[in-house]
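One chain, subunit A, links the two complexes that follow: it is found with subunit B in the first and with subunit C in the second.
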Partner chain A sequence: MMIKNIWIIFIRDIRVNTREFMTLYMMIIPLVLAVGINLLSPGINDTSVNFALVENENPEQAAYFDDFAHVELFSDQQRVEDRVRSRDDVVGILPKDNGYYIMTQGNESELVLEYAKLLNVLYESDVQLEDARSEIIEFGRTVPPLKKMLVNMLLLLISMLAGMLIAMNILEEKMDQTVSAINVTPTSRSAFILGKSFTGMFVALFSSIACLLITGFYNVNLGQAALVVFSSTILSLLIGFIQGINSDDAMEAAGSVKLMFLPMAGSIAGYEFVTGNWQIFFYWSPFYWAYRANDMILSKSGTWPRLILYIGIILAICGAVYTLLAPRIRKGLQ
Partner chain B sequence: MIEVEGLYYSYSNDDNFAVKDVSFKVAEGEIFGFLGPSGAGKSTTQGILTGLLQLQKGNASVAGYDIKNISRKMFNKIGMSFEQSNVYSKMTAKENLSFYSKLFDVETRDPMELINLVGLGGKENMRTGEFSKGMKHRLTFARSMINNPSMWFLDEPTTGLDPAIAADIKDIIKEHNNKGVTVFLTTHNMYIADELCDRVAFIINGEIRLIDSPKNLKLQYGKKLVEVEYGQDGNVKKETFSTILQEDKDLLNKIIADKEILTMHTKEATLEEIFIKVTGRGLA
Partner chain C sequence: MKLLSSFKKELILASRGFYFYVELIFALVILVVLLFAIPQNFSSTSTEYLHFNLPQEGREIFTNNILENDLDGESEIVEIEAGGKTFNAELIVTDESEIYIVDSEEAVRMLADSEKVIGAVIELNNNNQLHYKYYLQGYESTRFKNLISILFNESTDVLEERINNQDVRPLSTDYEPLSDRENTIPPLVAFSGSLMGMFIMASYIFLDKKEGVIKAYAVTASSVWQYLMSKIFVVLLTSVVSGFIIVMPVMGFRINYGLLLLLLLTTGFFASSLGLLVASFYKNLTNAFGVIYLLLIIMMVPSIAYFIPGWDPFWIKIIPSYPLLQGFKEIILPNGDTIYPLIVSAGFLAVGIILFAITNIRFKKTLSV
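Our next item is the complex of A and B:
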């Protein structure tokens, strides 16, 4: 009976959400952003080594490098330098005296740097593809870092949107005063809360997996990714319930859930830019752990013990938040 | 069907009670009216009996279920029509009823049958957000019948409806009552209570002041007089006669036989007049 009612509430919410612009937008925008990431950043299956060279400076060298890596040509040395300074890994090959020097931003992978050096030496030694006796099978870095970061951020955004969706659905019940009508049916309050949560969780899981597939991350462990999305979405759902109960209109509900962007953005910035010793200041944030776990999964370097540790921390934080919010949620749904 | 004993309820969890020592019984198949002005404790009592409010003090049972530990199964037997319409505005009338019908685990009625019953036929595929207040109220009323309840709670079922629709709603209530449905009617409308109720309770300031049938109350509190207007020599004359004194009865018979009667009214008290007499307050 309880499962049946959870399902009925879930189906109703999904159906109604497709009728309203704002909720429909929340369900579709992650997929649009995933396509955008594909358009704006290099594909996962592209070579992960990019060279920037000066156009017409040495066409023969550019053609040689193009056989082994992705080559971008620029009109002058300044533009090459600008390109190297951009977010993703690009190595500049610039003329100096009678030879060339390798220009890097400084945060490139050692493997990329070694590859650039090797390729330059091979070119200067006039080694041709036909001379090669060995074959490069794998290069180590399989995922462009910019793309990985964007997809990771998108996964966190999806969990947040799931919270917003819950807030909208609760707000709808509140404005139509329909909770009291549900309360005089055999549907228990737990079934009602679970039915609503299932909607947010389904949207989060579906959108996350779809976004991973759209952005080309189909080789990552989708089960691990789903677990991280599941755990990080719990917090968003709790916040969504509270904001839905406390808000009087859609804009207020969406606006208050948006406050979660602050700890989310802080957690991402903390993980990406703060040195190891200071990262302890972000340990309180479930978004930090979710971002860290996603990073591990997207890099295909995730191990189950570490993942379980990260998920355990996220769930423990969510559990503490639930203990604080559950009485208010139950009271608000009376 | 309903047994309430020593019911107290305080919204502020102190001695400021919204309902004080309320006790009454409603027999199976009865229409029981709960009459009182706004804030008297009618909706609070109904809220406790339907599980929308937690029972704090006292004992209550509805349809054989103890309200202290409500079993969700109880809701298969009861129907509740709210004073404030509460239907999903983004769903159509038919979708609303279909959704609710699936939440029960007993045989439910066909949504279209109920939509037609309350005069919303042809509007079933319209989103209720586009409905007028009265249409939403009718749909809320229709929804309360979806699970064939044997115990039916009605909170101001005719409020805001035009007289023709209100008459239809009253007919539906009577028809269901004739089939054995017990009705707990909360209202401040004395006319609907008078027309429908087997017994009424007057509640004011959270306390029940009186429980009796409308007929008994009228006999007890009404004046035994008849007021007659009749034509005589081109003029209209108005006289009041006792229905007890033989002399007045004879005179009245003579006027009826000889004169042209224009109007004739018994001077029985209305429920509202009785309410004011008993409680010292009006029903508005």
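Our next item is the complex of A and C:
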């Protein structure tokens, strides 16, 4: 009976949400972002030094540099100087009496400058690609690390979005006094809340898997990915409950959303930038474990025991928080 | 006068609510993270695995060459694991990289594969010339592959000498770079302060819509624009206070706070007006949330260009957060340009006024009766 009620609420929720385009919208946004990641990452991955040269001054030189750097051509030296002065890192290569000099803005990183000097030296020394005494062997990985990082962030955002959707759904019901009205129906409050949560879960699962496929991660273990999405949605759901139930108005819920961004952004930054032993300071954060689990899956280096350990940690942290806050959550639903 | 009293009322209401304090706590947390968790400068060391398939003498020459840059001048013998196997390696740590010299090509291949870094084998070809075999992941750009394939065609000594003799003419020499910690301030202030105003304003309005405050304004002497503006003032105040909490302890008295105040106010006004405009199209926060969320994500894209100055496509400059980030950066840069933040502020103010005017018309039409 209870399962039937949950199902009815879920179906009704889907119907109501689709009518308002909301669920559909929440499903589409991550897909748009996934396409965005696809469009962005090749350009970012191909980042090299940017050179500004005078057009037709030395076409052979321009063609040579184009094999190693991004080359932009300008009609005269003044235009090259204007381009070098712009806000991004562009280095000018300009003719002088006995060769070429490097024009910089003065704020480029040392790396950019060294790269520019090296390329100019290679050109002046007539080192050609055809003379290369080297061989390149590749492991066949096509997804650059930055893309993997962006997709991982997107997966966390999706589950957070789902959590928020659930929280806002509940908040609206609370404002409309439906939660209290449920008390006089055969459906229990928990069945009602669970039913309402399924929409968010469904959105999270659908969007995550679609995003993985769009961004080219079709050969990762989708079952493992679905498990992580499920556990991080439970996490977002819990946060959503706490927000939705304890906030009396949308304003307070909005404030809490901002607070939720902090541990998430902190955990991602911690995992990506903090080295070795210091990572222990992020172990309390379930976002950290979700991000780590996703990273393992996206790198295709995931083993089931390790994945189950990470998911276990996420669920244990959620369980501990729930136990701690259960009385408040129950009270908030009344 | 009415605007001032509305603002005072809003401020009193806000000080009783939760949001005002969330903003301040959030700013304090960011400050703590900036001061204690973000190092003055990130140390970015790369890892490389090398094998010299050369006669003993050649091996020693290469190893000693690399060892010259070791931090303590001595290498260390370590054991590393890859693919279930343990390999012995000589570790040389320079200020830019950790170089592991291993004793077989198989070790290089397995380590480069499992650690996802570059591996190289240096050997002699049939003509007794040095030959370089690189193990790459596959996602490296063609330009990068081109560069490494010819990098060692010339002897390193010759290259180094020529590089040092390059004629570099900077257009300006009074540039002092920001530390990594200082460099993270603009995105933090931009997103925590200025851009979140969009979300907060929308939430504010939906709360009042729900409670019928906007309709109630129709029967008061105050106009809708004054009501909206008083809300914006509260958001601006919190954005300025939280911005200053983040910036002041890190930058001290080295920067122009007048400019910072101006940019925080104008960009906050722009974001709030945008939030109001979005809110005017929807009947509750849940519905508006998707659009606001998408806008926030789009606004975050220029921060990628901010941290990777070599990647700066034209379209990214059209996104409003691009000039916003560059404006904040210019303010905290030593010898930064003062004109740029002024132009950016004027632009945000102008666009903010237009958005506010449109929003005002929409609210008047849809809500005041």
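Everything below uses one rule, namely that the second predicted complex is superposed on the first by the 216 of 334 C-alpha atoms of A that agree within 3 Å, B and C clash if a C-alpha of one lies under 4 Å from a C-alpha of the other, contacts with A are read in each partner's own complex, and residues count from 1 in each chain.
Following the convention adopted for this analysis, a contact is a pair of C-beta atoms (placed from the backbone, for glycine too) under 8 Å apart; a residue touches a chain by one contact, two chains touch by 3 or more.
Being a predicted model, the structure only gives us computed values, none of them experimental.
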### Message
Just to be sure I read the superposition right, which of the two partners does A:118 touch: subunit B = first, subunit C = second, or both, or neither?
### Response
second
### Task
For A:85, select first, second, both or neither according to whether it touches subunit B, subunit C, the two together, or no partner.
second
### Task
For A:266, select first, second, both or neither according to whether it touches subunit B, subunit C, the two together, or no partner.
second
### Query
Once the shared chain is lined up, is A:109 touching subunit B (first), subunit C (second), both, or neither of them?
second
### Query
Once the shared chain is lined up, is A:331 touching subunit B (first), subunit C (second), both, or neither of them?
neither
### Message
A:172 in the overlay: touching subunit B, subunit C, both, or neither? Say first, second, both or neither.
### Response
both
### Query
When both complexes are superposed, which of subunit B and subunit C contacts more residues belonging to subunit A?
C
### Summary
Residues on subunit A touched by both subunit B and subunit C 20, 172, 175
### Query
Any idea which subunit C residues touch subunit A in the complex?
17-19, 22-23, 25-26, 29, 33, 42, 109, 112-113, 116, 125, 129-139, 141-150, 152-154, 158-159, 162-163, 166-175, 177, 196, 199-200, 202-204, 206-207, 210, 284-287, 289-290, 293-294, 297, 301, 304-305, 308-313, 326
### Query
Which residues, counting only subunit B, touch subunit A once they are in their complex?
50-52, 72-73, 75-76, 78, 80, 82, 84, 86-91, 99-100, 102-105, 140, 143, 147
### Query
Which residues of subunit A touch subunit B in the complex?
1, 4-5, 8, 12, 16, 19-20, 172, 175-178, 180-188, 334
### Query
In their complex, what parts of subunit A are in touch with subunit C?
20-22, 25-26, 29, 32-33, 36, 40, 43-50, 67-69, 81, 84-85, 87-89, 96, 99-109, 112-114, 117-122, 124-125, 127-129, 131-145, 157, 161, 164-165, 168-169, 172, 175, 247, 249-259, 262, 266, 273, 299
